[in-house]
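First the structure, which I've put down as structure tokens, then a few questions once you've had a look.
As written, the chain order gives the labels A, B, C, D and E, with residue 1 at the start of each chain.
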Amino acid sequence: MTIFLILLLLLIILTAGAALLVVRDPMHGAVNLGVSLLALSILFLVLGAPFVAALEVMLYVGAILVLFLFAIMLLRTPLTTWEEPRWRRGFWWPAVLMVLLTAVLILLFSRRPDLMVVIQEIGPGTVGRALFGPYLWLTEAVALLLFAVIAAVLAIHRRDDHDA
Amino acid sequence: MTLELALVIAALLFVIGMALIILRRNLIFLLLGIELLFNAAMVIALAGGARWHSVTGQVLVVFMMVLSGAALALTLALLLRVKQELGGDTVDDLRQLREEVDE
Amino acid sequence: MNEWLFLIPGFPLLGALLNGIFGEHFSPRQIGRMAATMPFLSTLVVFAVWMTHGRDPNLHEQVWTWISVGNFQANIGFHVDQVTLVMISIASFVGFLIHLFSQQYLNGDYGERRYYFYLNLFVGGMLILTMADNLLLLYLGWETVGLCSYALVAHWYRKQENAWAGRKAFVVTRIGDTALALAIFILFAEYHTLNYHTLFAAMAARPDQLALTIAGILVLIGAIAKSAQFPLHIWLPDSMAGPSTVSALIHAATMVTAGVYLCIRLYPVFAAVPGMLWVIGLSGAFTALYAASCGIAQVDIKRVLAYSTISQLGYMFLGVGIAAPSLGLFHLLVHACFKALLFMGAGVVILIYSDNHDIRQMGGLKKQQPFLRWTFLAGIFALAAVPVISASFYSKDAIIATAFIVPGGKLLWVLALLGAVFTAIYAFRLYFLVFEGPEKPGEPYQMGWGMKIPLGILAVASIGIGWLQFPPGWPGPKIWLPWLAPELGMPPAPSGDVNIFLQVAGSVATLIGIAIAYKAAQWEREGRGLSRIAFLFNAWFFDRIFLRIFPPIWYAFAHILDRLIEQGGFQLMLLGGLRDGFGLGSRALEAGENGLISRYASGMILGLVVLLFIAWGYLL
Amino acid sequence: MILVTVLIVLPWVAALWLSAQKQSDQYFAMSIALLELLLALIQRFAPGASGTLGHALHIPYLGSLWTLHAGPLGSTLALLCALLIPVSLAFAWRLPEFRALASAVLVMSGALFGIFFAQNVLMFYIFYEILALAGAFLILRSGHKSRAAALQFLLYTFVGSLLFLVALVVVYVLHGQQTGIYNFSILQLADTRISGGLGIWLFLGMVAGLAVKMPVFPLHSWAGTGYGNAAPAGSVFLSGAAVTAGAYGLIHFAIPMLPQAALEFAPVGIILGAIGTLYGAFLALNAANLRLFAAWASVSHMNLVALGLFALQTQAIHGSVFLLIAHGVVSAGLFGVVSIMESRGLTGEWSGLGGLFRRAPRLGAWMLFFFLAGMGLPGLANFPGEFLSLAGSFRVLPWAAGLATLGILAGVVYFLRAYERIMLGPLNGTLPDNLVDLRQSEWLLFWVLGLLTLWLGLDPQIILAHLGTLLSIHSGDVIAGVGHGL
Amino acid sequence: MAYSPTLLPLLIVAAAALIAFLADALRLGRLMPWLGGISSIAAAASIFVEHMALGADLYWDLSATLLGVYLSLAMAAGLFFITFHPLSRKMTGSLVGLLLTMLAGSLILVSAQNLLLMFVGLDLQVLPFFALLAWPGSGRAAVESAFKYAVLAGLASAQFAIGIALIYLGDGSLAVIPPMGDMTSNVFGLMGVLALLAALSFEIAAAPFHAWVADIYQGAPAPFLIFLGGVAKVAIMGALITLVAATPKLEIPIAVIAATSIVVGNVLAYRAGHLRRMLGYSAIAHAGYFLAALAVGPLGIIAGAIYALVYGLMNMGTFMGLSALPENSIAIPWATLRERQPVLAGLLGLTLLSLAGMPPSIGFFAKLLVIIADVHDQAYWLAILIALGSAFSFAYYLSTLWKPSVLSNPDRLLQRRSWETFAALGILILLFGWLLAPLGIV
């Protein structure tokens, strides 16, 4: 039963990715990303991580995707209809490189140990206890990092006239 | 079987992310590509967590989300400055710094 | 007496040093006089040696150790024995006479101090060469005299051809020196010593045929180059460009005889190898004939004498070749006297005819310069070996006679005899053209006593010195050969009717030559003389062939080496190639640096792919 | 030990102070140079000074760095270099770029003294590189100031010397593995047993590093551009003293470390030396101007030194060391003459010369004297060295030594041809008319060099007798074993 | 995980960072660099005291302490230097904050034994640079270089994340120390480790991942390059050291990357016109020499640690010298520099020579140790490649020394008395730094 669900998710992500590759307007790109992220959150549920699935929807689709939309809005890219080239000039050589990359991944993939295992669910409680138990200092470090990022963004966007 | 499929999805995300970075012309799509890469990492982490029945997978995912979000925030801020200073948001506008190949 | 030996070469060298340091503060005349006294003092010392150790001189003196490394030792050591005593007497006495002669001959010309410096250095070098007790010191003297001959031939350096003549002399003799150096290396490699006595002893103990043959040939080449024997004789006629006094000293009496001295000194080396002596004899005889044949067709007074020197040296080599080195030495002594005399005479003649060397424009000088005529005639007699009254009758004819009786010597005898005829021809042709015949007056020239004494002494010597050794069967003193016997052994002496036949043949040859010379002088005056034979005039075209082959090849090779290998090979291909290679490489890599982020990203992904392939290939 | 340290450090300090000055201070530089000469004399002839061993700057793995040992060969070569400093400064007295040249020469001399008194190989290597860098600055700051020539000189030396470093490290590591002591001092490294194949490669690495400096045949083409572009006064020091570093390195470090490989390399070395001698001679014949002529003459002589050195035979090695010292003095004379002519405004091109003897007889006389010394006239400095090298190597490889003897003949040809083109023949019209002959000071300078050449030629024993055992005991018996007739 | 002494240095630095950030709001910006400097010195002291302490996920082993102490002292020196530079006049508080965050990240990187901790350390160090490279008042090229660095660093940290995930998938534990987890036992672990190697090689600009370094060195403001080259790169090298010490299987790929970077670095630098780009390309070559040290087992690790330290020092010296020059200077105006600031000119000249590996300088001894390590492991070809590379490097280093270029108006040269002391200190360290080597090793 879950196999069909995952195959369906695979299909969705495949189409969203293909759309991402071909679509011209960045807005459409962002929406396509949103679709694939939602599919992923369902996959996370299947893999027994409900808390992370919820986070994926709230944090990723909610915050980061919105961030993208804001950026596109701020960039004030005109709603153009003319044919804006989507690929940069040197197209073919990187395309070949992509084929090579997939080839080597498949080759390596074929040498993998089997992963037949039954999946139990790990609730948000254990995640919370882990985050503030053994990984306490790590979370503090990330907190410091976020604080630094705020200061950095402020620095990037300082107007010359505005002094601190 | 589900983990193998999850890994296939992760590989798919990885390839699409990489393709976006090197093929697309608009800078936004590059950033989208990076996000896809991070998502691929999350899927693999969760697959690992599922396989070893331990919470570390989810902890990894949380940290990855936070850090990718932080990185993205800064990059988008810089993107606005680039648009403001260099007047364009495509890959070709970022070519002031390069090796002056004389002939 | 041993410890005074170093004075003999010491005085001239001291003269040269003083001239070098203080030369500029004295007038040329004072320098000339100082320079002349130096060989005179050496002559005095030599005379003292004659007086005390004339009987059988065997003096040694080690002045200081020159080079001593490991088991090899060569030091500045002088050794005087019979042969050396003869050589140093010639070098110092004739050297002194030449110095005396050039006081007046050269005054008022540019570079006089330089002339005396090199003349003194030359006499010093010649004395070192002959008195050295080891091959290395001999080589030092050998090169010093070579240098002085270069500097003195190129004395009037302001004309390009004089400079070229000097350089040609030095280069050709240097070819011989290189051969001699190689011979020294072979002997050093074989016997680890260069001192004559230890060398000959070691050679006698362990004669290595191959090494000695090669060494012998190389020494011979060295001697041939120095003594201007065929084929390395081309430098002597050209070096007549120097002052006549230089030709008198260097190209007649001393330097050119160094080759003969070397062969006499290294006689044991040649004797040890069967057939080597005959080769020397053949080269001597052939050169004698060849040079004499060229001599008869010359028009320049000094060139006639130059070819005559080459031919007389041929006889000395012949003497050594027929196992009669003492006869060779005897002829060397005689030749030194009359040839120096002839060259000095020729110098005066040239001065009289104001630097015109062509004998066809000369004539009838006997009335104007009676003294010069009689001394010159004495020299011509000695040169042509006029029977009984001239000195070289006793030395040259003895050599020719001994050649006949030596095994395999018949061919040498025939060549030598023909040579003797030609010698008589060019000698008397020269005399008749210059002194006899219709008078062509030159400028009046009053010879001072400084010039008359040397000419007089040498004229007497070229007549009287022959009586030291009367031919076998004649009454009269025979002191030369016995005196040299302990060192060089007694040469074989023809006996009975063969002896008489040979003496008669020698005299008849000379008389025929004189007759032909008389006719030749008349033809020459009428313009149909021997000088029109181009083949002989250009010395069988050897000089031209030699100059057209070797120097151009040498310079072309240098040019090729420079252009092709240095510029072309190293600079262009090696360094240029590297530079361009790096340039190409960096241009290719710069393609990856064109500022495009996507290109940087694809570079990274390429790196990742390569790593993964390595993992897949090797690491799993 | 203190004397040697002062000998090394003093020139560097002086060079630093000199380059800090605004205008070139000739007298200061000359006084430092003469002081160096005095110190070197004391060091060479002071009783008991040689052989003192000093240790300092100990680094755990590399052994103590600042170990000094004043051997006979080292102090003799140091004396030569100390002599050449004042000579080269004297010739550069009127040059506009005196200050740069003097500081480069002083740094080089400091490095050279370091090389001659270094006991451990790493210290030798460090001074060797400083010498190369200072040499490059000398070429750059004087003469045609051409960067390309300086860079070529530098790259040639550095590529070679870094290969030397790798070979050196391999010997050091093998020694460490064999005996457990990790030290760069030559005393320990001398007796490492290294297998044949590897030994040959190592020795090639070392030769590549050291033979570049004394330009042996295949690695010589920096000499043409280097000497050609540097000021002749600079080349006096460059070709007189700096080349001795390579030879000293070979004798004191490379051969003792790999005696077996040195033996196998001997025939190749002799052949290279012979080809180099002839090659240098022919190129001197075809040189475009006077500087190149003197450069290629110096290359030809240095290849003869290499020939003697690689023959590994007593007479040959002693001869090559003596020729090295003699070449120092003679090439100083040659380049000195060239620098005097250039100071008189002559460009050194053949077309601008001819008949100079008439206007400058003193210069002509000294030029002939040094040309004769260059030709190897017996009685002058080069002859004993050349004779011993050739005679010694003749016993090892006769045909190659014979080929090199032709080099002497070629020497006469190119020297005399050059002399005739410059001095003899009719007076050249284009010569500047205010051509003044040697001043008193220059005349005196040439007398010093001339007397030294004459003295070395007539009494070489003052050097040959005091060279001590050139090959260390160990390598000596390895070589003697093979019957090179040591 | 409870508090353990190994965390002390990080806490000191983090606290100082927070204070610095707040200071901007309280108008105390000007004092912050001094606070930052003192705190880094305190951190250095605490690391030195710790010395060989094994914490939960942090382990201050030999190389970690060596590099940790260096990083903190370098940061202190950098901060004291920055206070006098005009660029740091605006928002000094947040600038110091960001720098201290970067130092915290570096210290974590050097001593981390847990992969996740390493990932956080990497991001802690990399993210501040996005802002530092485009600091207000540093012109348009700086923005471009910052954005380029941001995107590519984002890609690298994504690869890093994938690497960690794969290793975790492979053997279930995030620990680096071998007994706790063997990373390369299966395919996933191997792929993960290679992804890590790729990400870290990108950060130190090794060969296949080198394209970014020239543009960033050209565009970025010089003072911040001090930190990028002098601190950030050395920290990444520390991380690589811990990684390689745990996985011997990595030696073949590292050797390959080392060889390619030496060749690519030297070839590119040969024709580089612009001074900063040349320094960038030479950084590739130096990364190659460092990796050549890592590719040869335990002795190589020590040599690598020392090389990283020396390389950091040399970079600090170079960019301190360059920051005195006007921003867009193509070449070093030696004439004016020697006149106005002779000691700084001496420092610049000496650092360039020691970068090339001129013997008496510390650069040479570092290279010598690397060659000794290579030879010890019979990797002769690598030793010869290093030798040829550094010999050839003289070509382009000395061409900057010799290229004559004149500064249009001399007073654009930033004049600071205090920089002379820094320069003198730099010269002393570069010339006689190797005397300190015994301390480092013992």
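Quick note on the criterion: a residue touches a chain if its C-beta (ideal position, glycine included) is under 8 Å from a C-beta of that chain, and two chains touch if they have at least 3 such contacts.
The model shown is predicted, which means the values in this text are computed figures rather than measured ones.
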item: Those chains which touch subunit D and also touch subunit B; value: C, E
item: Those chains which touch subunit E and also touch subunit B; value: A, C
item: Central chain of the complex, centres being mean CA coordinates; value: D
item: Far-end chain from subunit E, centres as C-alpha averages; value: C
item: Chain pair with the greatest number of C-beta contact pairs; value: A-B
item: Relative to subunit B, chain with the most remote C-alpha centre; value: C
item: Distance between the centres, which are taken as Cα means, of subunit D and subunit A, whole angstrom; value: 70
item: Averaged-CA centre spacing for the pair subunit D and subunit C, given as whole angstrom; value: 37
item: Centre-of-Cα separation between subunit E and subunit D, whole angstrom; value: 43
item: Mean-CA-position distance for subunit B and subunit A (Å); value: 7
item: Set of subunit B residues in contact with two or more other chains; value: 14, 18, 21-24, 30-31, 42, 47, 49, 51, 56-57, 59, 63, 67-68, 70, 72, 74, 78-79, 81, 91-92, 94, 96-99
item: Sites on subunit A at which at least two other chains make contact; value: 88, 94, 97, 101, 105, 108, 111-112, 135, 138, 142, 145, 149, 152-153, 156
item: Contacts with two or more other chains, residues of subunit E listed in rising order; value: 116, 120, 123, 127, 130-131, 134, 148, 151, 155, 159, 187, 191, 214-215
item: All touching chain pairs, where touch follows the definition stated at the start; value: A-B, A-C, A-E, B-C, B-E, C-D, C-E, D-E
item: Subunit E-touching residues of subunit C, taken from the complex the two chains share; value: 582-583, 585-587, 589-590, 592-593, 595, 597, 599-601, 603-604, 606-608, 610-612, 614-615, 618-620
item: In the complex, subunit A residues that touch subunit E; value: 108, 111-113, 133-138, 140-142, 144-145, 147-149, 151-156, 158, 160, 163-164
item: Partner subunit C, residues of subunit B touching it in the complex; value: 18, 21-24, 30, 91-92, 94-99, 101
item: Subunit E residues within the subunit A interface of the complex; value: 1, 7, 10, 14, 17-18, 21, 24, 29, 56, 90-91, 93-95, 97-98, 101, 104, 108, 116-117, 120-121, 123-124, 127-128, 130-131, 134-137, 186-188, 191
item: Subunit C - residues contacting subunit B, complex; value: 587, 590-591, 593-598, 601-602, 605
